[in-house]
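Have a look at the structure that comes next, please.
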Amino acid sequence: MSDAHASYVLGLADDALIYAQRLGEWLTRAPQIEEDLALGNIGLDLLGQARALLTRVGELEGEGRDEDDLAYLRDEREFRNVHLVEQPRGDFGQEMARLLWFASYQHELYAALLTSSDEVVAGVAAKALKEVDYHRDHAGHWVVRLGDGTPESHERMQAGLEAVLPYLAELFDDDEASLRAAEAGVGVLPSTLHDAVVAHVSVVVAEATLDLPDDSRWRSRGGREGVHSQPMGYLLAELQHIHRSHPGASW
Amino acid sequence: MSDAHASYVLGLADDALIYAQRLGEWLTRAPQIEEDLALGNIGLDLLGQARALLTRVGELEGEGRDEDDLAYLRDEREFRNVHLVEQPRGDFGQEMARLLWFASYQHELYAALLTSSDEVVAGVAAKALKEVDYHRDHAGHWVVRLGDGTPESHERMQAGLEAVLPYLAELFDDDEASLRAAEAGVGVLPSTLHDAVVAHVSVVVAEATLDLPDDSRWRSRGGREGVHSQPMGYLLAELQHIHRSHPGASW
Amino acid sequence: DVVQEYFDGLIGADKRIEPRDAMPEGYRKTLIRQIAQHAHSEIIGMQPEANWISRAPSLRRKAILMAKVQDEAGHGLYLYSAAETLGVDREELLDKLHNGQQKYSSIFNYPTLTWADAGAIGWLVDGAAIMNQVPLCRCSYGPYARAMIRVCKEESFHQRQGFEILWTLSNGTEAQKAMAQDAANRWWWPSLMMFGPPDTGEAAAPGGHTEQNMAWGIKRFSNDDLRQKFVDMTVPQAQKLGLTLPDPDLAWNEERGHWDFGPIDWDEFWRVLKGDGPCNEQRITHRRTAHEDGAWVREAANAYAAKAAAKQEVA
Amino acid sequence: DVVQEYFDGLIGADKRIEPRDAMPEGYRKTLIRQIAQHAHSEIIGMQPEANWISRAPSLRRKAILMAKVQDEAGHGLYLYSAAETLGVDREELLDKLHNGQQKYSSIFNYPTLTWADAGAIGWLVDGAAIMNQVPLCRCSYGPYARAMIRVCKEESFHQRQGFEILWTLSNGTEAQKAMAQDAANRWWWPSLMMFGPPDTGEAAAPGGHTEQNMAWGIKRFSNDDLRQKFVDMTVPQAQKLGLTLPDPDLAWNEERGHWDFGPIDWDEFWRVLKGDGPCNEQRITHRRTAHEDGAWVREAANAYAAKAAAKQEVA
């Protein structure tokens, strides 16, 4: 059990945890009640993945930390999620753009992790693959409906695709932990997922009569090393405040 | 030293502390750089009042709590500020409406507290009175400029007055602690400040060619008993998160 | 008249009225109003609990809470569908919610101040709701009765979860115990108000329809009867939790075989109902903002569906 | 030409140019660009620190930080005023900031991730700024030189406060020490980049104006000289703080009488300068949003002032 192994799994877990936190914000704020339900469901799936993966990280570390210790008692610099998932909620179109990319990424990721030498990770991947298949479809349907809906929705959906663009490259960065986890057969190199993800998204975007935006003027970096964007600190303040206000309590 | 004495002073302190927290949000977000400066200054004045008053509360309690213990380690239900100051930032007109009312209230309050039998409170009041005199003027000037500026600013300033209306009655509620503090000569009954505050604001509003809104359909209640509005919890999460993340640390 | 006779026959035989059946206009209107209010309560009722999703103190509780709020969205959907069988549509009902023409349960105009409130809402508010709703599973209108059966099953699950939150707190640290007690203090009286004004006396609703609604099989018990049942069920649960209910008059009455309880502050009830509660403004504004922000999405979905339908016709 | 001769005479005698003096267009343009960039840096530079006002871990630190960010607003005001003496106005300069025609110091495109960053900015970023600015107190353009004197006085106060934050952290808990070290790791190299590209070599700025600016008395030391002075000043301070600077090549060079340091990543420098830094987009968007949100307020203030002036005329 190397540190890289735990770090790698922690990156997977944090992506799911932080995006679940953002998706939870949609409950009571969605454009229709069906979407309160759907986004809540997707958030719940991600939260479930995060819990299983965090528990696994705790086992790998062997220091007795459970899922809550890892979620509530780490500082910002110890979180390994990409910037994409920590960005504040935009409009519904932007959320669907984020979800389409993220679920497509997770889809390729979990498909590759089915054969992880870490059986717990492989088990999570098997269950999660079905979930993210639905997430990806759900986002895809909305991207198409909005892209090919009204002139306003077309414009907004295009703007949503542009807004998430700078955060995509980071998903496919091969960080230290993933290099070593891939070598060990535990993980997969993010860069190897890139083409399949882009291929899937491109088909959806084309059907939606939208344009896949060109390369961004800038790109996010460093989430996997705990270098986050400024919204992350506020997200963690909200996530952790009550738990940290009652040290040692059970809930 | 009665509990009511400490509670009363805590109410004064929390009003100042929480409004300072909200005003701090304007730094980098004001309509012109002069206002970044001015709102920062006003926030600093309030923070200074809060610190002196919290320290006094700690002395009165005699349990060794200092200003930081009181600011960072109390839970929401223990904060005694009114709802007005905890409300999220609106536009600049709404902020000037809130500041005009709050500074006018504090002006009458501190004037009355000059003769408090608690010498520390009387001392804070003497220093603060000059500060809030400026705050009240500053807000007043803006209310006039915006009310009598452009048609848009007139409308927005009127809307700002309406937006803060439901939170005003609470400023003048005679809660248990103020009743007993007034009896003891430590404090002043909030209800006795009402007419002078309204008189001052009315003059400004008239000069601004605005209407003082009628009674509100609803009114806030209970801040002095620690019953807050929902934004309060999020404000405290931000305020306290880092401090609570490092139990026992010095800064 | 034939319609009325047929309808009266069904009601008299304690049979279900179905959407295809002719029914008196008063019955239809009453049902629409009641089902809509019930649906609105589910939707508005998501807010006080959603307020704690981002801050839930453990991941397990966060997951349970998200699932619960989601269930409430689901309940809202069943109920709007039940209302739609009576010839109105959801958009129209939502408009009436947003402009204040239709109401929702006043309990949701109270804020959730601490994590314990997530527990108290489950235990007390869902508990009271179930008490109100179980009889509706036998309501004369079929689609409503069937929706209620499904809702009640999930609600009793939520009620147990709420109890469990408080159970953990009241067996926890001093701060957690205090938090649980504080939540019980704040939610007890508003929960009793959920059964509506008293059947008789000064505070009774002017021009109430209880009798008619009972005759129609929409209402089976009076407000005060349901309230008493709720008190009788809840007091022992509070004892189990080690929580004191904030009523000095609460006492077992051997003679009546019921718990006596103190006078309810009906002034507060009417005040909050009429708009002067701590969160009325906020709840409606939140709801309206979500609806308005989502208008372009709903329009796009309709436009896309229309295009798709047109394409299908051509093909 | 007479203007040029008079101007050259003043510069030659190391005297101050004042707004009333005629001056070559190149001198005026260079100064406007430089002073504006400096003013913009103060204004944009408020953001990374303001990010910690709401979360500062003690009330004393919160007050100091608020005062500091406020001082930066004040510096921005002096500097815009200095620029205005050259015949431009603030609104025009702000527009150029907002549309990217004018720059601000690239250091502010890095995020503040922890409380220790508030310390590191004071210690390193203000430290580097002072090193750049002290010579400007003797700049040939009077209003700029006078603004700089005032700015430098406050900056050195801020620098000490930053040092003190890190001092407290590095004498604190393990987590606090780690936080301080992490901040030093992240801010060290970007601080060295604050002195601009190297004077010579591949990474030097193409078509630099150093020589002309020196002749004009706007620049007194080369980038590399200032950078060396900064390193020499800062290394002993880091030792006092017990922090390791993230450069394995850092070593005292007895012969040179200076600290040697390793190669700077000039690719990163140019990348961030050109827009691909962690916060470029966010900083400008934040600034532009504030400006746009405040447009109605500024318009109202102008309209009111015009009305007041008109009334005065009538009276």
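Letters A, B, C and D name the chains as they come in the text, with residue numbers starting at 1 for each one.
Simple rule for what comes next: a contact is a pair of C-beta atoms (placed from the backbone, for glycine too) under 8 Å apart; a residue touches a chain by one contact, two chains touch by 3 or more.
Heads up on the chains, UniProt names are A, B = Phenylacetate-CoA oxygenase subunit PaaC.
Since the model is a prediction, treat every value here as computed from it, not as a measurement.
Centroid distances built from C-alpha atoms place D farthest away from chain C.
With each centre defined as the average position of its C-alpha atoms, the distance from chain B to chain C rounds to 37 Å. Chain geometry summary: the mean Cα position of chain C and that of chain D are 59 Å apart. Chain centres here are Cα means. That of chain A falls 41 Å from that of chain B.
Annotation for chain B: residues touching 2 or more other chains are 75, 233, 237-238, 241-242. For chain C, the set of residues that touch two or more other chains comprises 55, 175. Chain contact topology: the protein chains form a pattern that is neither a line, a ring, a star nor a complete graph. Touching chain pairs in this entry, ordered by label, are A-B, A-C, A-D, B-C, B-D.
Chain A contributes residues 17, 21, 24-25, 27-37, 40-41, 43-44, 47-48, 50-51, 54, 67-68, 71-72, 91-93, 144-146, 148-150, 152-153, 156, 238-239, 241-243, 246, 248-251 to its touches with chain C in the complex.
Within the complex, the chain D residues that touch chain A are 51, 55, 111-114, 175, 182, 186, 275-282.
Of all the residues in chain A, the ones that touch chain B in their complex are 75, 233-234, 236-238, 240-242, 244-245, 247.
Within the complex formed with chain A, the residues of chain C that make contact are 43, 46-47, 50, 53-63, 66-67, 69-70, 73-74, 76-77, 80, 115, 165, 168, 172-173, 175-176, 286-287, 289-291, 293-301, 303-304, 307. Residue ranges on chain A touching chain D, taken from their complex, read 75-77, 166, 217-222, 227-230, 233, 237.
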